[in-house]
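Same chain, two partners: chain A is paired with chain B first, then with chain C.
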Partner chain A sequence: MSTLIEASTDLALRANDLRVATTLGQEILHGVSFTLQRGRMLALVGESGSGKTTAGLACLGYFRTGLEHTGGTIELSDGTDLLALTDAGRRGLRGGSISYVPQDPALSLNPAMRIGTQIMEVLRVHGYGASEAERRERLADVLTDVGLPNDAAYQRRWPHELSGGQQQRVGIAMAFAFRPEVMVMDEPTTGLDVTTQALVLQTIHQLVTAHNVAGLYITHDLAVVSEVADEVAVMLSGRIVEQGPSDRVLHDPVHSYTRKLLNAVPDLAGRHHIGEVEAVTGALPIISRERAASARVATPEVAGTLLSVRDLRLSYGKNPVLNGIDLELGRGESLMLLGESGSGKTTAARCIAGLNGNFTGTVSLAGQTLAPGTRQRSAEERHRIQYVFQSPLSSLNPRRTIGESVEVPLHMSGSFNRKQRRALVLEALDQVQLAASFIDRRPGQLSGGERQRAAIARALVNAPSVLVCDEVTSALDVSVQASIIDLLRTLQVETGMAMVFVTHNIALARHISQRLAVLHAGRIVDLGTTDAVLENPQHSYTRELLTHVPTL
Partner chain B sequence: MTTIDTHSEPVTDTPPGLMRRIIRQRQAKIGLVLTGIVVLVAIVGPLLLPWLTGYTSTEFAGRPFQPGGMFGTDNLGRDILSRFLDGGLTLLVYAALATALGMLLGTVAGMLAAYQGGTLDSIIMRGNDVLLALPQLVFALLAITVLGPQGWVVVLVIGITHAPRIARVTRAAASAVITEDFIRASEMYAVPRWKILLKDVLPNITGPLMVELGLRMTYSIAAIASLSFLGLGMQPPTADWGLMINENRIALTLQPWGVILPVLAIAILTVGSNLITDAVARASATVEESK
Partner chain C sequence: MLGLILRRLSISAVILLLVSMLVFVATLLLPGDPAQAMLGQQATPDRLEALREQMNLNDPFAERYLHWLGGLFVGDFGVSAASGGSVAELLGDRIAASLVLMALAAAISIPVGILVGTYSAMRRGKAGDHAATGISLVLAALPDFVIGIALVTLFSTTVFTVLPSVTMAPPGEQVWDYPSQLILPVLTLVLVVMPYIIRMMRTTMIEVLDSGYVEMARLKGVPERQVIWRHALPHAIAPVAQVVAIQLAWLAGGIVVVEFLFRYPGVGQALVDAVTNRDVQVVQALAMLIAAVYVVVNLLADIVGIVTNPKLRTGGTR
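And then the complex of A and B:
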């Protein structure tokens, strides 16, 4: 009973049957209701297009161009309806009693303004304190609150002089400077490395609990939710389908969609299978330990070695990116190349595929040393190593049909006529589980997951023996990620190709790889079977990564 | 809790093509009508000559600036209407050829500069800057004075002076496309460079190029008419709108139609093609946004 009374007095914001539609009349939010309480964090979880950001921005009385409010209220702690206020009234609240932390700190900070000045601006606009001295004091305090140094020299830094994590903390400091009642955070850790993410999440959690702020945390990452949120609301196409305390929702979900989302979350311990295709997940559970064990035996210079990389080095000017990488990949083996941004993992992958030919060292395939750049490699060599790009939005020409794009590698091999090419394209599309009708569609008509499948089809059409996948799932929703991982594993088993899976997401390790190489500052610091590295990491960096990875 | 269909496919309908988005705009329709009228007059006019006016152009020979015929006679006593109907086609053809030449040179240079980068980029773009430093008309005057006032010289000179401006626009547009991964992908498959430029880069920069095409067409018409007016483009006795303005301006108060008709035609053509250009710009901008 006491909790009920407490809850009503601690109310900071209540969204009631919120409806938002496009100006053309298509409804985006179909009556969303949630309550934010002081000192508690509500996580709004959903996949892209579910309307979670629209709902979050509505808490600030803001609607993106092309959207309009069509019904429902947003009630503040003093009982006023935010959405009934004028534009000027809403602006007075924004950044003051309701603040917002955007997703990308690098884009949200003004690059031509010192960080101290940017935070001071918020305080000045809302008239914090009586004097400039008081505001300076608040500025120093708020920097401490978010775990940054508060000396004058630090305040005079430019945004580009800070790391991504520090930039995001400045963003949080700006949002927190005026002591808001409500903070809306839109995926504030999505672009950050796990270690940085862990620190930022800790900061956010402290602010919310210690300063009695009501938090709304918008995210697609359920593992993060379990770390920060007290309550969870799961959104699906403009509706909240499940809402409750985070322990209950994450461990005992009621709605089938929540279960599906939870099933798709990769799990470091490999306790469950992600994805839906039972046949593969059943036959090759995670990656079987026997296979992993045999892979360990088979690796050193046995005839099974397919791809070998020796002393790969590359630098941009004086800036070394790769400091001597040695790798071996057996036939049909899957290797995960793990590293944070800037570790050189993409560069290494591109060197292997011949996309970046400026390296020293050797890349050899089945004992034959390959030329550095693809143009110097023979058609046969090019076919055998294929590369899939990170962003499916960028890797397919928007003006070509899927069929035309997938056909490019076949054109270049030159030995097929039109009919054969079409048959091979259809076969590749079938392998990635896209219907034949996709052949005449353009990328703009496809979802992110479908585009990535098409990009994979382009890599498969020449039946490669090594597939290099560069962060192929990082731009995708978890459920789509699960299906792509499932697909890649199926393909690996069916075609017997070897795979280099480049990623920053260590949680995927047991789901995709037999061996794991950890890349740090252009060097491989840990290399071994996935189980061995995860259970007994040799390098302090790997251990640090493993402690910071968020788990459910 | 109500059950909600968990699988909702986003409705993916084909967005209307560039052409349809252009036509949908009112100013594009007006522009098309205006341009269409002038182009029709220029093309069909010469074919229908004696029939349309009801007399041959020599009907009033030797009677300069007389009110004979429908719009009077010109400085040599030729019928103004006949001259007007006859004088548009060369202007349009020359303008189109010059614009096409400029587009070709500029697009190739701009795409090469953007794609190759490095030294070639520097050479092309600094060469561009040198050409841009010379005013178009002054450069044309120089070339025509040296090479003589022939048609191909006019086309060549106007085309070449357009190229640097088009190259700058092309380079800027292409630079953005070239960072995309599908270009990396084509390189990975060792697609020949010219094919990458033609199939991957060009189709993705048509929006800005169409705008530039319209703009340069307008400038070509104005430049060729100006050159004719200055006596360096079409030579007498050719019928030409620019030349007509020059020949008949001395009798502007006496027999104004000899000047007004070609001026009106050029003005309508310029306004019309500018309206179309604006519509194209707006239509291709919406593509960028929705991307």
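And then the complex of A and C:
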């Protein structure tokens, strides 16, 4: 009897056979059950479209437009069913005893309200304390709790005057202000740099344990899970396929999907080969090939310098973006350009490709200095450096079929007839392991990973000698990221092209690059072979970065 | 913020200066001689010459422009060529009458338009929304005189005869002493201006209601009314202010048709009369006045945009 009572006092929220469907009748959640306990954190892991955010919002009795609750209950600690309450009843709990931390604080903070006012609003709406003075005091306390300054001047700041990490702390302060029993956090660190992510995760962990809050942490990042969660529930297409203590699930997974996810997670040590998995979300079969299972990136014979960058400088107005960058890229070599947002990594990549011609300094290819902008470069020079953008959805013309998009660069050279062009397009699609049937599809009919493959095919069709990949995997799920990384690595070995891989994700380093350049505030602070930089970083910035990388 | 507003203000001043040059040159190009117009065909050359001298018509072009421009600043709009009286005196009552009409139309159409647009956005896809968007689309498609005539038919002649269809005030009394006469002209202007405000408000409000911060406000447990008023409305209002400005500016010129229709003694009628009589001074004064209204309402809209956007208010760097 006593154990029963003890168990029920720990319980903060229990979802029972939760079912959610679109208003058109298509079921999104097919009976999801989980339990949140005080002082413990449950991570809800899944890839995009798995229904994890829908399940998280259901814990607040909130369903987005077009979705409706069709079955199951959300039981609270006092035994009431949240979903049976009236709108006013649910509203009274939201932000009060059950609170929410949004994914993107830049979008979720009201840009026309001072941050202090936004936090105060929660306290006022739910009637915290007896007086305004008491609420002010709580506001100052909660800002301290999340590690922000709490003076009046700071409270009067606007959201746009804060950095991304500070904005997310304000989001957490807002969720924590009323001392909730349950906190639902929806990928709160996704948009943040690793250093900031580490600090935010630490804050969350402290709050949850110190104040005995029950946490639900929604994420797709298994490495983060291992840092914050006590338990893990893995979601796949609206169902929980595996659930258990995080140590057990992460190190001894039972379900095949969990294993696939874990295998896809890049790790800094490069212990395993992340490309073993196939993209789980693809609708059409992706042609798979036999490939070597070596974990490390093979180092090809580097025969001379192909691309060299000297003293690259660029500023926007008075703000310097690039402060003199020197780089060399050997034939067939893969170089990772690593940096956080604002470090100038994308700008540098765009200068190399000639997309941004306003720089000073030189970019030369095979000993020949290139003109700054693509317009002044010859067609041949442009063919030899190709660029793949972060978002294939915006870089592929939605009205063109994949075949038409991939064919565009061939039109530019003008030296092929219709039949030859088609043959080359099919070859490029085959190289990126897309079936020939994709040639007549449009980007809207493809999954994210397939679209990125198509964008890579477009860059490959002219057989470039340098491929510049700008954050090509950062918008993708881990399993898809793994398959794209594997593809790029295979292509590099097969075609012998050199690659500049621009990313903020240092965990990918050993999986894709032979050399690593760390960019910080427009300067290269560390440069060398991947192993050398990771094992013996020269600059304090690199060392700091390495300590903050979450690992499984 | 102050710097930004000052910059807009100085741009407005430059625009008005350019407009004054255009207006002055354009009226000079009008055929006919103001002195001749005042004195008639039988005037002797001596008297014409004397009057020209008196009206400074013989001075060099630039000097006359500067003289006229200087007069504008102190409220001296010159002498009416048709009546011989001061333009300011002639137009004073007319301007007041027109301003009353405009102010009433704006005071009704702006809040009602914003409310109906917000309601429409909140009930997106439901019957109330369909009714509001349907009716506003029909009204937006109808020209002002058609709406005016339809209202006259409906309320003062054929169907009901409850409201006067023309404005008649005895000399010495003001139009607003007879409020019932104002109803139809104001209603016409409201029905012309409001549909655009409703449609713009609905569009921006729908966008704002789908935003992350509105969802976050709801997830914070903020009551729906407060979500709309405090979180959504301030963001939706800035683009609407631009539309309101365009509509108010249109009122300054479009009022001509409505005043003509209802025989309303405002600036519209005065402009029509002045052009017919080649009363150059009055045309110049009215053209400047209408231009000033355009510039001022657009300036106000920009200020609303600046005030509701903290990024513009604080930084100004981007």
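One rule holds for everything that comes next: the second predicted complex is superposed on the first by the 518 of 552 C-alpha atoms of A that agree within 3 Å, B and C clash if a C-alpha of one lies under 4 Å from a C-alpha of the other, contacts with A are read in each partner's own complex, and residues count from 1 in each chain.
Here, a contact is a pair of C-beta atoms (placed from the backbone, for glycine too) under 8 Å apart; a residue touches a chain by one contact, two chains touch by 3 or more.
Every value quoted in this text rests on a predicted model; they were computed, and no experiment measured them.
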item	value
Comparison of chain B and chain C by chain A residues contacted	B
First (chain B), second (chain C), both or neither touched by A:Leu335	neither
Partner chain in contact with A:Ser447 - chain B first, chain C second, else both or neither	first
Partner chain(s) touched by A:Ala349 [first = chain B, second = chain C, both, neither]	neither
First (chain B), second (chain C), both or neither touched by A:Pro102	second
Partner chain in contact with A:Ala112 - chain B first, chain C second, else both or neither	second
Chain B versus chain C as contact partner of A:Ser395, first or second or both or neither	first
First, second, both or neither for A:Tyr387, with chain B first and chain C second	first
Parts of chain A lying in touch with chain B, wherever the complex brings them together	49, 236-237, 239, 241-242, 254-257, 260, 353-355, 374-375, 377, 379, 382, 387, 389-391, 394-400, 405, 408-409, 411-412, 444-447, 458
Touching residues (chain side chain C, partner chain A) in the complex	210-213, 215-223, 226, 230-231, 234-235, 308-311, 314-315
List of chain B residues in touch with chain A within their complex	1, 3-4, 6, 8, 10, 12, 14-15, 180-182, 184-191, 199-200, 203-204, 291
Contact set on chain A toward chain C in their complex	57, 60, 62, 64-65, 91-96, 99-100, 102, 104, 107-113, 121-122, 125-126, 158, 160-161, 174
